[in-house]
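Each of the next two complexes has subunit A plus one other chain: subunit B in the first, subunit C in the second.
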Partner chain A sequence: MSSSTTHRAANVSRSSERRPAQKSALPWLTLPALFFFLVFAVVPLVGVLVLSFADWDGIGAIGAAGMENWASVLTDPGLYNALGLTFMIMIVSWLVQTPISLLLGVFTAGSQRYRAALAVLYFLPLLLSSAAVAIAYKALLDPNFGLAMGLGLPFLAQDWLGVPQLALGLVIFVIAWQFVPFHTLIYQGGVRQIPKSLYEAAQIDGAGTIKQFFHITLPQLKYTIITSSTLMVVGSLTYFDLIFVLTGGGPGNSTRILALDMYLRGFRANLMGPASVIAVILVVIGLALALFLQRLGGKDKQGSQLEGL
Partner chain B sequence: MSTVLKSDRKAAPDNPPAHSVKARQSLGTRVKRLNIPGGLGGWIWLAVIIVPVYYIVITSLKTSEGYFGQNPLAPPTAPTLENYQLVLEANFAAYFMNSVIVTLGSVIPTVLISFMAAFAIVRGHGRYLKFVNGMFLMGLAIPLQATIIPIYLMIIRLNLYDSILAIMLPSIAFAIPLTVLILSNFIRDVPNELFESMRLDGCSEWQTMWRLALPLTRPAIVTVAIYNGLHVWNGFLLPLVLTQSPELRVLPLALWTFQGEFSVNIPAVLASVVLSTLPILVIYVLGRRQLVSGLTAGFSK
Partner chain C sequence: MRQFQSSRRSFLALAAVTPFAVMATSACGTSGPGSAGGGGASMWFLSGEPNQTTIQKAVDAFGSSNPDNKIAVTYFQNDAFKTKIKTAIGAGQAPTIVYGWGGGTLKTYAEAKQVEDLTTWFDANPDLKNKFFPASFGAATVNGKIYALPNQYVAPIVLFYNKEVFAKAGAQPPKTWDDVMSLVKTFNDMGVAPFSLGGQSRWTSMMWLEYLLDRIGGAEVFNAIFAGKPNAWMDPAVIETGTKIQELVSAGGFIKGFSSITADSKADQALLFTGKAAMMLQGSWTYGAMKKDGQNFVQDGKLGFATFPTIPGGKGDPKNGVGNPAQYMSISAKASDSEKETAKKFFKDGIMTDTVIDAYINSGSVPIVNGIEDKLSTSPDKDFLNFVYDLAKNAPNFQQSWDQALSPTAAEALLNNIDQLFLKSITPQQFAENMNATLGK
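Up next is the complex of A and B:
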């Protein structure tokens, strides 16, 4: 690959003018990346749609199932439970994380040394894998030997993972603990890019801090908010690792979100067809949310920020 | 994003002459006023972050008597490394090496092929390159989880199930879109005159790519390498689904199994958490500035 590309580039640049030279040599450079992406991302994306109409236990032969998988999943109350939980976690996580990371971002964008030092420490949770975070929180939540007794706050000594509502709230808290630092970083960058002259002008006009925040900082952060929200919302479809290790979907099905539901149906219950139906639903929701947030931004430049994390 | 970077660069040298002393003073007061609620919130959040981290570290140094006997937040009276020894003896080194191989084996090819693609997309013209770029952008919205079943099927059919390569291939594919995006935005910021002068000196595009674009894109390359590395290092689903043998476990998976093995020995479980995070912590300490500034430029606006 590499030597042939060199030849081509050399030949063409010798024989012709600018435009044609680039036209013939450069596209080859995209082939390796394109190959990997097509084979291991695009083909599976098509494959999941095909498998949603297949009858497969994960080991044996693959048969056709027609509409059966779709019919069985769409009439299964488990799907609606998982959908509801997924949206619940998504919305509550957004409501919790956005104000915290926005304010922390504004705060850490300030110029004082100690703020920079705090920002270093804020980053720590991002270094831990979701598995590590989940395992650590299990220990922390031990009613007898965990944080609650250490802090002398006995009301915190609950059976957090045993009560459905508590487990759901806990999942949302741990997600915030792990991901607020990342969004704080995004907002910190956004705030630093706001032209200082805007604040100076506002100051001269006599606008106070709060007015400045609502009339300059917030509007200027519009695209940052959209970027961060897109990452948060699309990313919330994929909080698989954390919930898998922390609660395994329980107690009962109280934290069984879509991604987990897909895994458990497919790799535990060996129902790859129905699991693929859930996967298709996940893709559709992800794309729809991403497009919706794009529209809010009114710019396709934001297409850049859709990563599912 | 590229425009953001440009304006950022422009703003930096302009700053000192553009602001009078008075203006700067007024800016200072703005910052100070935000300080009170912001500062309070900042310190509260610090506690939220640090207390669990502190608990993990001190508990991992306690004996089981210390764990059951003392206040959970009190430092260990007799700190011990025996939990670490226990974890290290449980094949930790092998899991660590698996993680290193998977991470390097994914990140190096990803960065290399993404850089080539990004260079072509920025420097080239034509419908094909536009299409490729559009496809990578679309790829940003595909959740990895949703494609795990067909990936599992493909890996079985390719006879790669239960191998390190099985984890690497999809990891590379899913890292490409964002890597191409960030790198192409940086390459776009290289002034065109530099490319022109390389061309006039008789360099081919291939030479221009390695001798001009690569060195100038180095900060971005370090950023995407660390970012992708962090993702692969902490990845859980692909190893869980695509491997089976204990000797192929990567660290996050090993942590999960330690949790089962040492379920009564919480200090040992937490020692394994600390051990699995240490290498990342070292890299973070070394490359922090680069990582944070790169991520900031890569994601804001």
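Up next is the complex of A and C:
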């Protein structure tokens, strides 16, 4: 370290005594973020709300529609099909992904060398874009030219994406394949934060690996679980690209989740008003779910997990 | 402290600069994607051979003889393009030259004043207007005004079959619907799929309905739907069409997994030329693609083609055709005057030159220009070209593809309902009712 940086570091630590002055400068720092938030989040949000009461085909002039869009969407069985599918994918995805990523996260948080090599493998899907994942799976699953025929395993050559139930299951599987690595990474970080002293104390008390997992790791990961679940649940409202490329919402409407329904109404059928209604519904559901999960975490969530040790 | 100050300064600088940066990027945006600048024009076109090479050569030739009026082309996949162009036009970001299939989509553009009225321009250039098949102007005309230049080729839907597979089965191509149903059994017993179908693309399945409805009910049924007459979709012919389709699906008429196969990937064509499927109802444009991709399948004369079978008791003329009367190019009303001039010049001198016409014929397509009979007859593909030419020329009614003839809203509802009809998740009666609700939309 050069002498000038030492000097600077000393300056910084000394300046911390003048905290009030710094605090008053801080709101300025949020300006760029606030600006982007306004331009890219608040303005479109208001725009969508306005459009949901408008009659617009995406090309011509915008006219007023009153409650017409809302009435037509809310009485459309397609909406409830999409809502049902969205919640179905959300819940099943959570049930599938959480245990896998939790266990993988705990495992990869260890320190043996071979785990690092395995961890790289686990994290590989994280590097691929959804579109690439979808195209690859589509090619592999093709019943006539896909992997099953290539390997000479005709029993695997099901019409995976052409039968409604299979297609839905497959979508959930591919989503899990793509997102488990991300949540594993979150859990790995969470596990590494747990103080070693807890495990040492448990070992002295004679607790085995399984007991340690259920009595130390899992309770200590409470907030990590809530964070990961929030991302998973709210994120599942926006699953789009993967399903769009993989099935396009089909066969029939069997994978036409809410986000896809919004896109297809707006950009394929030129019904921007009803599409905006779906967008508003998505925002409301997303907010409600995020708030609910926040509640679940309790008030002490913002505090340090190490406090009180 | 100094460190903090400098970072605060850079933050403030960033905050001050950001709005300009955003404005700068959005300013770039309004000049339109693929804008060539100067006296040029931009165009979006479909990717995929052989047409991509043909059009690129035409654009290059036009560019070298008009160095100040170059055309910048961007290529997109078919289904992706259909969505993207609509969105771009709605956002005022359309390319100068708007490619399409005429019909209902063009009508929405014209009514929103997004594309140029070319009527007077065509009147001023009678040679150009007389160059093309008169029938090709129908789908380019909205309320008596011409909004698009017909170009490329006429593309009827054709029943293709694999002669090798038919020879193995000792079968003949189907002439009637009964033949179809008995062939389904023959081929299923052989372990070959009777019909290839890229059902995930949905417009592929639609082609079946177009022909069936025409054969069963005649041209009047769809014309009533197109005109938005009350209860037009409730015609008994529509319900019989749906019933026939579901019978064919139940009998195993289509390749296993058809609803997960896309036409953009050309997997449906591959199924035919690899002999995994015996027949395929597809656009005549697939001939060129199969000629290119199917090793020597087409060149060795293994590809057969026929008209759609007749239906016992059907009212439609068996000579009727369905498909695309032509492809179309419009000029964006948002383009600058110089861009519009370049586009018109390209329309006149660049797009359907003799070289391009020859290229289409060589790739197995029938260009929509008059007086090409001799050229067709001397082509190595003369059998197919004459077949397509006669089909298009002699058809008492040549129905434009439904998804292009109808408005985008009705077309999307149609494709969605066809998908469900093929999956048997709705009955033919429900199909008719669902579609009837879209009349006038």
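Please note the rule applied: the second predicted complex is superposed on the first by the 257 of 309 C-alpha atoms of A that agree within 3 Å, B and C clash if a C-alpha of one lies under 4 Å from a C-alpha of the other, contacts with A are read in each partner's own complex, and residues count from 1 in each chain.
Please note the rule applied: a residue touches a chain if its C-beta (ideal position, glycine included) is under 8 Å from a C-beta of that chain, and two chains touch if they have at least 3 such contacts.
Nothing here was measured: the structure is a model prediction, and the numbers come from that model.
Chemist: Have a look and say if subunit B or subunit C is in touch with more residues of subunit A.
Modeler: The partner with more contacted residues on subunit A is B.
Chemist: For A:39, is the partner it touches subunit B (first), subunit C (second), both, or none of the two (neither)?
Modeler: both
Chemist: Is A:57 in contact with subunit B, with subunit C, with both, or with neither (first, second, both, neither)?
Modeler: It touches subunit C, and subunit B stays clear.
Chemist: Considering only the touch criterion stated at the top, classify A:94 as touching first (subunit B), second (subunit C), both, or neither.
Modeler: A:94 sits against neither subunit B nor subunit C.
Chemist: Of the two partner chains, subunit B (first) and subunit C (second), which one does A:252 touch, if any: first, second, both, or neither?
Modeler: Touch partner of A:252: subunit C, not subunit B.
Chemist: Scan A:125 for contacts with subunit B and subunit C and give back first, second, both or neither.
Modeler: Only subunit B; A:125 stays clear of subunit C.
Chemist: With the two structures laid over each other on chain A, which partner does A:267 touch: subunit B (first), subunit C (second), both, or neither?
Modeler: both
Chemist: Using the touch definition from the top, say if A:164 reaches subunit B (first), subunit C (second), both or neither.
Modeler: Touch status of A:164: second partner only.
Chemist: With both complexes overlaid on chain A, does A:145 touch subunit B (first), subunit C (second), both or neither?
Modeler: Both subunit B and subunit C are touched by A:145.
Chemist: Would you mind listing the overlap between the subunit B footprint and the subunit C footprint on subunit A?
Modeler: Looking at subunit A, the two contact sets intersect at 22, 25, 28-29, 32, 36, 39, 58, 138, 142, 145, 267.
Chemist: Where on subunit C does subunit A make contact in their complex?
Modeler: On the subunit C side, the touching residues are 1-4, 8, 11-12, 14-15, 18-19, 22, 83, 86-87, 89-90, 108-109, 111-112, 114, 199-200, 202, 255-261, 267, 270-271, 276, 407-409, 411-413, 416, 419-420, 423, 425.
Chemist: So in the complex, which bits of subunit A are touching subunit B?
Modeler: Against subunit B, subunit A makes touches at 5-6, 9-10, 13, 19, 21-23, 25-30, 32-34, 36-37, 39-48, 50-51, 56, 58, 100, 103-104, 106-108, 110-112, 115, 118-132, 135-140, 142, 145-147, 149-151, 177, 180-181, 185-190, 192-193, 195-197, 199-200, 203, 208-209, 212-213, 223-224, 227-228, 231, 234, 237-238, 240-241, 244-245, 259, 262-263, 266-267, 272, 275-276, 279-280, 282-283, 286-287, 290, 301, 303-308.
Chemist: Mind listing the subunit A positions that touch subunit C in their complex?
Modeler: Listed in rising order, the residues of subunit A that touch subunit C are 8, 11-12, 14-15, 22, 25, 28-29, 31-32, 35-36, 39, 57-61, 138, 141-145, 159-162, 164, 167, 247-248, 250-253, 264, 267-271.
Chemist: Given the complex with subunit A, which residues does subunit B contribute to the contact?
Modeler: 1, 4, 7-8, 11, 15, 18-19, 23, 26-27, 30-31, 33-35, 38-39, 41-43, 45-46, 48-53, 55-56, 59, 67-68, 71-74, 113-114, 116-117, 119-121, 123-126, 128-129, 132, 135-154, 169-170, 172-174, 176-178, 180-181, 185, 199, 204-206, 209, 230, 233-237, 241, 251-253, 255-256, 259, 266, 269-270, 273, 276-277, 280-281, 284, 288, 292, 295-297, 299-301
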